[in-house]
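Across the two complexes that follow, subunit A remains constant while its partner is subunit B and subsequently subunit C.
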Partner chain A sequence: MNKSFDVIVVGAGPAGTTAALVLARKGLKVLLLERGEYPGSKNMFGGALFGGVLSQLVPEYWQEAPVERYIHRKMITLLAGESAVSLDFESANFKQPPYNGFVIQRPRFDRWYAQEAVKAGAVLLAQSTVEDIIREGSQIVGVRVRGRRGELRANVVIAADGVLSLLARKAGLRGDFRPDQFSLGVKETIQLPPGAVEERFRLTGDEGLSNEFLGRMGDGLHGGAFLYTNRSSLALGVVVHAHSLKDKKAAIYDALEKFKRHPVIAPLLEGGRFLEYSAHLIPEAGVAMTPKLYTGGMLVAGDAAGMVLMGGVFLEGVNFAMAAGWTAAETAANACEKGRFDAQTLAQYRERLEGSFVLRDLNRYKHVLPVVLNKRLYEVYPSLVCRTLEKWFAVDGQGHPKLASIVKGLLNEEIGFWQMARDGYQLGRGLVW
Partner chain B sequence: MKIAVLVRNVVDCRIPLPVDEFGEKPLLEGMINIVNPGDWLALDYALNSLPVRGDKSVTALSLGDKESEETLRWCRAAGAQRVLRIWDSALAGADQLGKGKTLAAALARVEPDLVLCGDNCLDQMLSLLPGVAAAAAGISYVPGVTTIERLEKETAVVVRKLEKGRRERVHVRLPAVIALVDGGDSLYPDLPDSVAAFSETVPCIDLAGLGLSAENTGERANLAHTVSLRLARPVPVRPVTPDPNLPAEQRLRKILQGGVARKQGEIASGSPEQLADRIIAFLRREPGARL
Partner chain C sequence: MVDISMRLKFSRYRVDREPHIRVNYANCRTCKQRACLTACPAQCYLPRQEDGVVFNYEACLECGTCYIVCDRGALAWEYPKGGYGVSFRFA
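This part shows the complex of A and B:
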C-alpha cells in the first residue's frame, strides 16, 4: 500500500491538534487520529488554558473558542487543618486582550480546536485507537488501529497520545515509569446556583479565578489542589503524588472529599450539584522523565513526552503541549521538504525544542522536583504559617507576642531553624534563582 | 438494483444527557451524535444480506445539518457507493411533514428500486420520517420487517414481525420503504475505507436543488405551531416541621427562613470503629430511630 499521508498525528489533544493544524496549513496531507467519540471526549485537565502559543496560531482565538472565563485573579493558598493563608493576586492587565489565560472545558474546547485543523485541510478520524506502530527496518512508517482491518502509512508519525504513550513505548523511546514521576489528579465539576460563582468569588462579567492550594491532602497524602471558576460551575480537584498514594495505600477520592469539607472550601460549594468526576495521571518529573523525543519516522509531543511544567504552586501543560506540537509539525514539514525522515533528520526536533521555552523551562525548573517531593512542604510549612498567624492575630487577653517569638517557638516545636534553612535553600534553588 | 438507505443522525440518549444548572434544558456540549443503530443495521443488511440478483448500488441519504456529515462518512466507509446529505436552513424548524416531503423529493432524485431504514429510532420525532416520506412519495411503507425473503425488480416478499411471536408474509410492490427490525452484524469499516471516506466531500442538496421551496416545506409551511413552552412544574417540597423541642423563637425563625434546609448526604471516613460510632451517632439523631 502506498504512503497515503505525509504525517499521521495520533491524539487530538492540544499537542496533536496543534501539529495537525500547522501541517495542514502548510498544505501537507495530514491525518489526525482520536480514540474518543470526538476530540475532547476523553481528555481531562484542571481547567486553565494559558493561550500564548494558541494566540499566535489563531489570533484572538477567544472570540471563537468556547472559553468559560478569562483568569484575571490568581490565588495561592496554604491549607492547614482548620485554617488557610492565601496570596491573592489580581491584575488589570490580565483583563485585557490577549488575556493571560482562560478557564475552559476540554470536551467543548478540543472539539472546536480539532475543527480548526479540519478547516485547514486535516483529515480527522475519531473512534480510532492506535494500538501498534508499523516498522520497516529502523524506520516507523505507520500505525494500526484497534478493531479495524488495514494499516495507515505516513512519512512521519507524531505521537501525541497522552501521558502513558503506548506509541513512545512501542517505538522504544521510553522505558517503564516510576511512581515518583507522576501525580494522580481527580477533578469534580460542581454546578452552583445561578449567580453564586460571581458572588462567592467576587467576579463580574467574564472575570475568572484560578486558585491553587498546597497542603496535606487527606491522611498524610502529599500534593495540592485546585479550583477554577467556570461560567456557572466550579472545577475543583486534588493532585496527589502517586508514590504517596502507594506508600499510604490511600484512596484519592477520600482526599478530594476531605478537601471539599475543609472549612475554607465547604462554604464555596454550598448548594452545589455534582456534575462530573474525572481522573488523570500527570507527568511531573520534567526533564527527568523526558523520553527520547524522536526516532526514524516518529516524533513525540505533549504529555506523551512528559512536557508538563511542575512548579509546586503552578502546573502547566497545555501551552507546553501546543508549543511542542507546533515544533513537531515544523520538524515534520522540514523533513517532508527534504524527503528524509531518518532519526538524524528528525533530531532537529530536540534542537528546536531546546531553543524554545519548552525544554528551556523544563530545564530551568529541573531542581523543583526535590522541593515538590519534600514532605515538609505539605505536612509542616502550611500549618506552621497558619498557626503562626492564628497565634499572632488571636486576641485572648494575654497580650500580643511579637511575630519573631511566635515563629521561633513554633519552629523549635516543628522542625528547627536549620532544617527550615535547608528547605529554604532547596526551595530557592528550585523556584527562585 | 438501486437501494437507498435512510440514515438518521441522532443524539445518543442511551447515556445520561447533560442538562443545565436547573436540570431543565439539555446542554449541547457533552452530547454525542451517533448513527441511529437501527439504520446502521439496515445499511449492513443492504450491503451484505440483501438477496439481490445482479448488480447492486447502495446510496445512503441523511436529512440533517452539518453534524450529519460524519454519519454519512461512516456509511461511505462501510461500503455505501454514494451518500447524499439533504439540508436547507429553512428545514431547521420544519415539521415532520415538511421534512418527509423533502426526503421524498430526494428519493425521487435517487430513483431507488428499494428504500431501507431501521424500524427503531432513538429520536422519537425522527422515527416518523421514513413513513411520512413514503406517504409523500406515494409508495408503501412496511414497518417491522425481519427479513426480505425474495426480491425482484418490481416486487418483494417480506416477513413482518407481529405481536406474540406471530409473523406475516407480505407481498410488496416496489419501490417501497421497508423498515427493518433486525439487520446484519455490526459493520466495522476498514481503515483505508474510513480514511478515504473522511477525506471526501459529502455532497449536500438544498431545497432549491430538489425543486422545492421554503414556503411549501420549511417552517412556514408547518401545519402545527408551538404556541408556548412551559417547563415542568416543580415538585412541591413539604416543609418539615421544626423540632418541637426548640424554643419558640428558633422555631419561628426556621419557619420564616422558608423551611428547613433539605437533608443532605454525609460521607463518613475513618477506621471501622470510628465509622461504627458515626453511624450510631447518625441514627440517634434520626427522629425515626430509637436507639
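This part shows the complex of A and C:
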C-alpha cells in the first residue's frame, strides 16, 4: 500500500466517515483508519440518529441504511421510587420523509456508512490502532499505526478518534481527561417476543419511540436513563456523571438493574431475552471542554472535540459529528487546493463551525451545564413532582387539597421555596431564554 | 451487586496476549478511594484483601472510565491493538 495520502482520517465513526466520504467525493486521496474489527464494532450510543446532515449527503439514506424505526414519539419521564410522570410528544410530521430521527444500532449502521465512503473512493483500513502522531517541527505530518502498517503520512490528519481522543491529547490540543467532563453510559439490548414492541409501546408499522428518564439512579448516582425501540428489541440503559461514580462509590450496573426493576419499566421487558451489554463514555461539558480544534496539519471532530449537545431534553451527538466531519473535510480540501496546511490556514475550520449549528448550539446551551450538574435535578425534583401528583390524584376519603398546599408541605420537607426559585431560574437560563 | 460477568459472556471478544492497560500497582496500594472498583462497568478491577486492586483486562469494554476517575496516575491506558478487544453487535 502507498503510504502517503492527502488526508488521513482516524476513526470510522460518524465524524470520520463523513469527512472521508466528502473528501473522496472531491477526488482527494483519503485513508480512513478504524481500530475495531470493522467500523461500528467499538461504537455504542443510546439509540437515536438525527439525520439532518446525513440526508444532505446521502439523500433518502433510510432506504439503504440499516435503520430500526423512525422516531415519531418522544417521551421525557420523571422517575420516582414507585411512580413516574411523563411528557409524551407525538407528531404526524415526524412520520414523513425526511423523518426527524431513527433508532439505529451502531455496529450495523456505522459499517454501512463506512462502505458509502469506500464506494466514493476512500481507502478503509480497519483493525488499525493509531498509537501516535508524526511531527515535523510544528506540523503534524502523519500517524503511526501499531503493527506492520507503521508510519502513514498525509498533509492533513483529521482526529475523529472518539470521546477519549488520545490523538488530541498527544497533539497537545486538550489537557487531561477530567471526570467532570464525561458521563458513562451502559446499555442492554433486549430481544422481545414477536409483536411485543408494537403492542407495549402502541406502535404501528415502522413507528418508534425514544424515552429519556430523569431521577435518582441507583445509590445516589446522578444522571438519567433511556429506552429506545428497535425493530423487535429494546435498547435501554443508564447514563451517570463520571464524577458521581467517583464520589458515591456506587456501581452503574446496579443502577441499571434498579431501573429495569422499576414498576413502570419491568412490565415492558417481560419475556425479554438478553442480547448484549455495552458501555461508552459521553463528552458532556459542551463548550467548557472544547479542545483547540486545529493545529498545523490536524483537525479534531466529533466526540473527540466534545461535540455533544446534552441538555436534558436534547441528546444529540451523531448529527454534530457529521456536520463537523463535513466541515473538517471542506477545510482540508481547501488547504489541499492552496497547498498550505499550517495552523493559520486550518483556522477556518473553527470559523466555519462557529457559523454552523455545531458551535452555535453548543454555545447557545452552555448554561445548561450547571443545571445538569445540579444534584437536586436528580435527587429532589423528579420525586417532588411525582409525589405531588400522587397526593393530588389519590382518592383516599380525605378530599383533594389544593396543589399549592401539597407543594408547600413537600417543600418544607425537602427544600425551601427560594432554593426552588433559584433552580428554576438556572433551568430557565439554561434551556428557555 | 450484579455479577456482570454473566452478561459479558454474550459479548464478542478477541483477546490479545498483551494487556492494553497497565496498572502500576505501587500507586494503588496507598489509594484510599479505589474508585476504579465500582466505576468500571465491566468489573475489571477487583479489591485485594488488604489494600490495592487487581486488574483483569480480558473483559474490558474500552470505555476509559477507569482512566478518568483514577487520580493516582496508576494507569498506562491505551486502546487495544487493531482488531483486538470487544466487538459490539447490537450497541
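What we mean here is this: the second predicted complex is superposed on the first by the 428 of 433 C-alpha atoms of A that agree within 3 Å, B and C clash if a C-alpha of one lies under 4 Å from a C-alpha of the other, contacts with A are read in each partner's own complex, and residues count from 1 in each chain.
Throughout what follows, a residue touches a chain if its C-beta (ideal position, glycine included) is under 8 Å from a C-beta of that chain, and two chains touch if they have at least 3 such contacts.
Since this is a predicted model, take the numbers as computed values, not measurements.
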- Between subunit B (first) and subunit C (second), which does A:115 come into contact with in this model arrangement: first, second, both, or neither? neither
- Message: Output check: A:194 vs subunit B and subunit C. Expected answer is one of first, second, both, neither. What do you get?
- Response: first
- Query: So, A:150: does it touch subunit B (first), subunit C (second), both, or neither?
  - Reply: first
- Per residue count on subunit A, the busier partner among subunit B and subunit C is C
- Message: A:31 in the overlay: touching subunit B, subunit C, both, or neither? Say first, second, both or neither.
- Response: first
- Query: Touch check for A:4: first (subunit B), second (subunit C), both, or neither?
  - Reply: first
- Message: Which partner chains sit in contact with A:233 here, subunit B, subunit C, both or neither? Use first/second/both/neither.
- Response: both
- Query: So, A:107: does it touch subunit B (first), subunit C (second), both, or neither?
  - Reply: both
- Should A:128 be classified as contacting the first partner (subunit B), the second (subunit C), both, or neither? both
- Task: Once the structures are superposed on A, label A:164 by its partner contacts, choosing first (subunit B), second (subunit C), both or neither.
- Result: second
- Could you pull out which residues of subunit A sit against subunit B in one structure and against subunit C in the other? 37-38, 41, 105, 107, 126, 128, 145, 147, 233, 254, 257, 275
- Contact footprint of subunit A on subunit C as seen in their complex: 1-2, 4, 7-8, 10-11, 14, 33, 35, 37-39, 41-43, 61-65, 67-69, 78-83, 85-91
- Item | subunit A to subunit C touching residues, read off their complex | 35-38, 40-45, 105-107, 126-129, 131, 145-147, 163-164, 166, 177-179, 181-182, 184, 186-189, 233, 235, 242, 245-246, 249-254, 256-257, 274-281
- Using the touch definition up top, name the residues of subunit B that touch subunit A in the complex. 18, 21-22, 29-30, 32, 34, 70, 188-195, 198-199, 267, 269
- Note on the structure: Listed in rising order, the residues of subunit A that touch subunit B in the complex are 1, 4, 31, 37-38, 41, 66, 105, 107-108, 123-126, 128, 144-145, 147-152, 191-194, 232-233, 254, 257-258, 273, 275
